[in-house]
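These notes open a run of structures that come right after.
In the two complexes below, chain A is the common chain; its partner is chain B in one and chain C in the other.
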Partner chain A sequence: MSDLSLETAQAATATRRPARVLDVVVLIAVVLGLWHVIGTWTHGVAIAPPLQTLVYLAGLLHTEMFWSHAAATLEAFLLAFVLSALMGLALGLIFGVRRFAGEVAEPILAGFYTIPKVTLYPVVLLLFGLGMSAKVAFGVMHGLVPMTLFTLGAVRNLPPVLVRTARVLRLSPGRTMRWVLIPACLPDIVNGLRISFSLSLLGVLIGEMFSSQRGLGFLLVNGMAQNNVPLSTAIVTVIVAIAIAANTLMLRFVRRFARRADEMAG
Partner chain B sequence: MRRRRAAFVVRAAILAALIAMLEVGCRTGAIDPLTVIPPSDMVASMVGQIGSGELDASIVSTFSTILIAFVLAVILGIATGATIHRFARLRDVADPLLASYYSVPTFIFYPLLVALLGLGKAPLVVLGILSAVPAVVISTLSGLDSVAPVLMKVARVHRLTAARTLWWIVLPAALPHLFTGFKLALSYALIGVIAGEFILSGSGLGYAISFAYQSFDNRTMYGAMLFVLLVAVIANGILYMWEGRLARRRSRG
Partner chain C sequence: MTGQCHVSLREAVRRYDGPPAVHALGPVNLEIRRGEFFSVVGPSGCGKSTLLDVISGLVRPSSGSVHFEDKELRGEVPDGVGVVFQEDSSMPWLSVRDNVAFGLRTSGLPKKEVAGRVDHAIRFMGLAQFAGHYPAQLSGGMRQRVCIARTLVLRPRLILLDEPFGALDQQTRLLMGDELLRLWRETGATVLLITHALDEAAMLSDRVGVMSARPGHFIDMVETGWPRDRDSRVISDPKFGALTARLWSSLREESLKTMGHAA
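== the complex of A and B ==
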């Protein structure tokens, strides 16, 4: 798990306590201020100032072009995320319960997690061809491993008494999973989902940026190539906003489940 | 211990079997040579490219960029982490940022950085720093948090100067956390820089791979790819072992 230690440390900071509204407001004001300074200071050659971006974005949201690209990204991302989550959950549970298989697989997975996967994208393109399936496969390559490792770690660190109780009650493997393993591991599973969400999004976007004719990643690179600064800034803004919103939502779940688990344990 | 060795043997056997299957599949024509080339050819291509010096310029360019980004990220990260740790109010404000930083695909800022700084080393260095800094900040914070208050009291009782407190008390206590941060920072910087080169740049290993892909030169592409992956795996492995040794020495002492 040591390669995931940052994410766990990060989760620990994040679960410390919910952010106060004032702090968030101050933070947003600081970020907007910096953005404005950089935007105006460089005369908008690279980054459009916040106000101009928002005005442009409002116009962009009325165009069909934007929504068709957004739909392409959304479709690829949802497929990649759901596949990563389900396969990662299944693999993590299997590797967690079957200890030896877990010991064999974990270093391979952890090693794969830390290599620069971008370099493998040409292979994915050669295997799947240009288009949707390559983007999805690349998203899964990013999202699958963290989900597996988080689930695996959660199952492994489970109090042994829970598993023994399930055995005493003669629960079937399926019921053990449904009633014991998954509820007990829920905070870690949601944390895994959180990391998996952002990484499969990253995978899909990199895929679109490298060689694709569709999607927000393509629109971003294209906006830059055509020197359409408000367009590329607006796309970045949209992606950042979506990523932060999803992350915050899932962190809330993690906090709630962690609290509930604490109450149960106490 | 025996179990760990058994796991190691099985792991090695599985990996070897996979490589052998790929080799056989490619040699018998079950796998299209336009898609994947045999692993032995990949190794030969890698050795050839390194031996002939074709890759030298790319290697120097990529690793110097990674090194600059890493060193700057460590300096910036420790300074930021220490400042945030010192002022609790600042930390409250920075907390949501740190919690959500890695959910944002930092990489999408790269086109903006290229437009801002021009195509060259500068946007890659900034991208590497952006990817690596939060790891250092977070590990500095948790390292400073882990200094036991009683140790600070001991320092005060002995009337240590600030510099000596830092050197004798704070640093040894925070070091394991910091080391984890450095390790992550290095691998994030590596990923960021190579990804940047791959998507949009005119030099470096990432560019060499994407150039070979675009010119349908599979042999060169797979050789360069293998080289990058081997370097990444070996670097991470060394840091991982080093970290394990630090942790063991700490638990002994």
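== the complex of A and C ==
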């Protein structure tokens, strides 16, 4: 790409920015409108309308109770996510490099991925007991497999010429891993992190909803059990906001790396 | 500068275990002289790239031996050997400067020395304006120049090129050929070029080896007799046509075999 075409591309991106902002504003307006219609139509029995929810949420954010539940969820989620990410990355790299191990493991992992994990939750409870460790284990069960499969796929699709180049440059296996394999696979690894993030959070929340006395999942179920619709709607709003923010951040990462990796496809 | 044996192959054979088992190369006997520009042509699938892999040390011969500077290669790339592949091997996450410097990451050289070598290689390959660009922002030819510059900073004594201009248009290939000749003259390195283009081999080389259909072995050696300070203008020399014709007459029968036709 010449300097001229690079400048043209940058100018095009700059002109697209206001249109994107408009898209986001319209999307938020549509979601809020729908939310309001459903809330009003059901007389606040299914979900509380947006304004009522935001007022309730503002009050909730000032209570110690909310923050202690949020901290419990955050702790369990961070543990589950970090474990899923690290273990998934390591397993994905091993299965990607060791072709035979990958060919054996992939169908097993894909099979496990399709099982509704909630059916295994009684087993998790028996193994880990009630509390933090069960929530973390359930989060890992959700987040580990996609991270492993994404990393495995990234290593498999790595252009062999990069590995040959590493050999020609006489890099050790460790340096090949750090300097070639991981950077080349990074866009797919970040994609895996995105999915793993969402599913680890889902696993932790499900764990809290089914058998826990603490956490946002517990608070959500408690709100539903007490017919406290503004509470449950406010908790869902918080969870959705966190998920969207994290996903947007990671998506930006992926796009930045994807731009640089574009030419690998020619 | 040429004369002394730099690379030698003795009865080198490469077989790949199946299924199906493939006898890819050999037996090959070859001596490449120090400072020589040697090209290899042959029909598709005859084992040209396997020959390069064996000479570079990326692949160990199944039998026979390969020597580089009188040391036998045993499945490892020796110091002093640089390889440029046909495929784009630039690292998309690194800028041109970092791509070129990548080759020296493990060299242990002082930073100043590394910066000097990188600057020189970038200037030499005409990439000075693009040092901060990423591969995605470059054309195919420029990316290949980045890969050559990355090899150049290592100051290899033997440069192996596996159809490095295969994906480029004819005009760019001629110009890249000129740059390759300039690089060869200035570095004094021995060059082994694998190519499917007979005119490229005839234009660039001191000597061209013609390989048979698989399992590849040399069926002809053609001395071009070009002066050392040649460039792509040799294609207008009447001798160029004769050289290309000689290469084709040696290769035609083998190419027909590859295509499944009787000669």
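Convention: the second predicted complex is superposed on the first by the 243 of 266 C-alpha atoms of A that agree within 3 Å, B and C clash if a C-alpha of one lies under 4 Å from a C-alpha of the other, contacts with A are read in each partner's own complex, and residues count from 1 in each chain.
Following the convention adopted for this analysis, a contact is a pair of C-beta atoms (placed from the backbone, for glycine too) under 8 Å apart; a residue touches a chain by one contact, two chains touch by 3 or more.
Source: prediction; values computed, not measured.
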*Putting chain B and chain C onto chain A via the overlay, clash or fit?*
fit
_Touching partner for A:L86 - first (chain B), second (chain C), both, neither_ = neither
*Pick one for A:R164: touches chain B only (first), chain C only (second), both, or neither.*
second
*Among the partners chain B and chain C, which is in contact with a greater number of residues of chain A?*
B
*Using the touch definition from the top, say if A:V55 reaches chain B (first), chain C (second), both or neither.*
neither
*Examine A:V180 and indicate which partner it touches, taking first as chain B and second as chain C; both and neither are also allowed.*
second
*Mind working out whether A:L126 is in touch with chain B, chain C, both or neither, as first, second, both or neither?*
first
_Quick check on the superposed model: minimum Cα to Cα separation from chain B to chain C, whole Å please._
8
*Pick out the shared contact residues on chain A: the ones touching chain B in one complex and chain C in the other.*
3, 6
*Quick one: in the complex, what on chain A touches chain C?*
1, 3, 6, 159, 161-162, 164-165, 167-171, 175, 179-180, 183-184, 186, 257, 259-264
*Residues of chain B touching chain A in their complex?*
3-4, 6-7, 10-11, 14-15, 34-36, 92-100, 102-105, 107-109, 111-117, 135, 138-139, 141-142, 180-181, 184, 187, 190-191, 194-195, 198-200, 206, 209-210, 213, 218, 221, 225, 228-229, 232-233, 236-237, 240, 243
_Looking at the complex, which residues from chain A come into contact with chain B?_
2-3, 5-7, 9-10, 12-14, 16, 19-20, 23-24, 26-27, 30-31, 42, 45-47, 100, 103-105, 107-108, 111, 114-123, 125-127, 194-195, 197-198, 201-202, 205-206, 209-210, 217, 220-221, 223-224, 227, 229, 232-233, 235-236, 239-240, 243-244, 246-248, 251
*Which bits of chain C are touching chain A when the two form their complex?*
56, 58, 76-77, 79, 81-83, 85, 87-89, 91-93, 102-103, 105-106, 129, 134-139, 143, 154
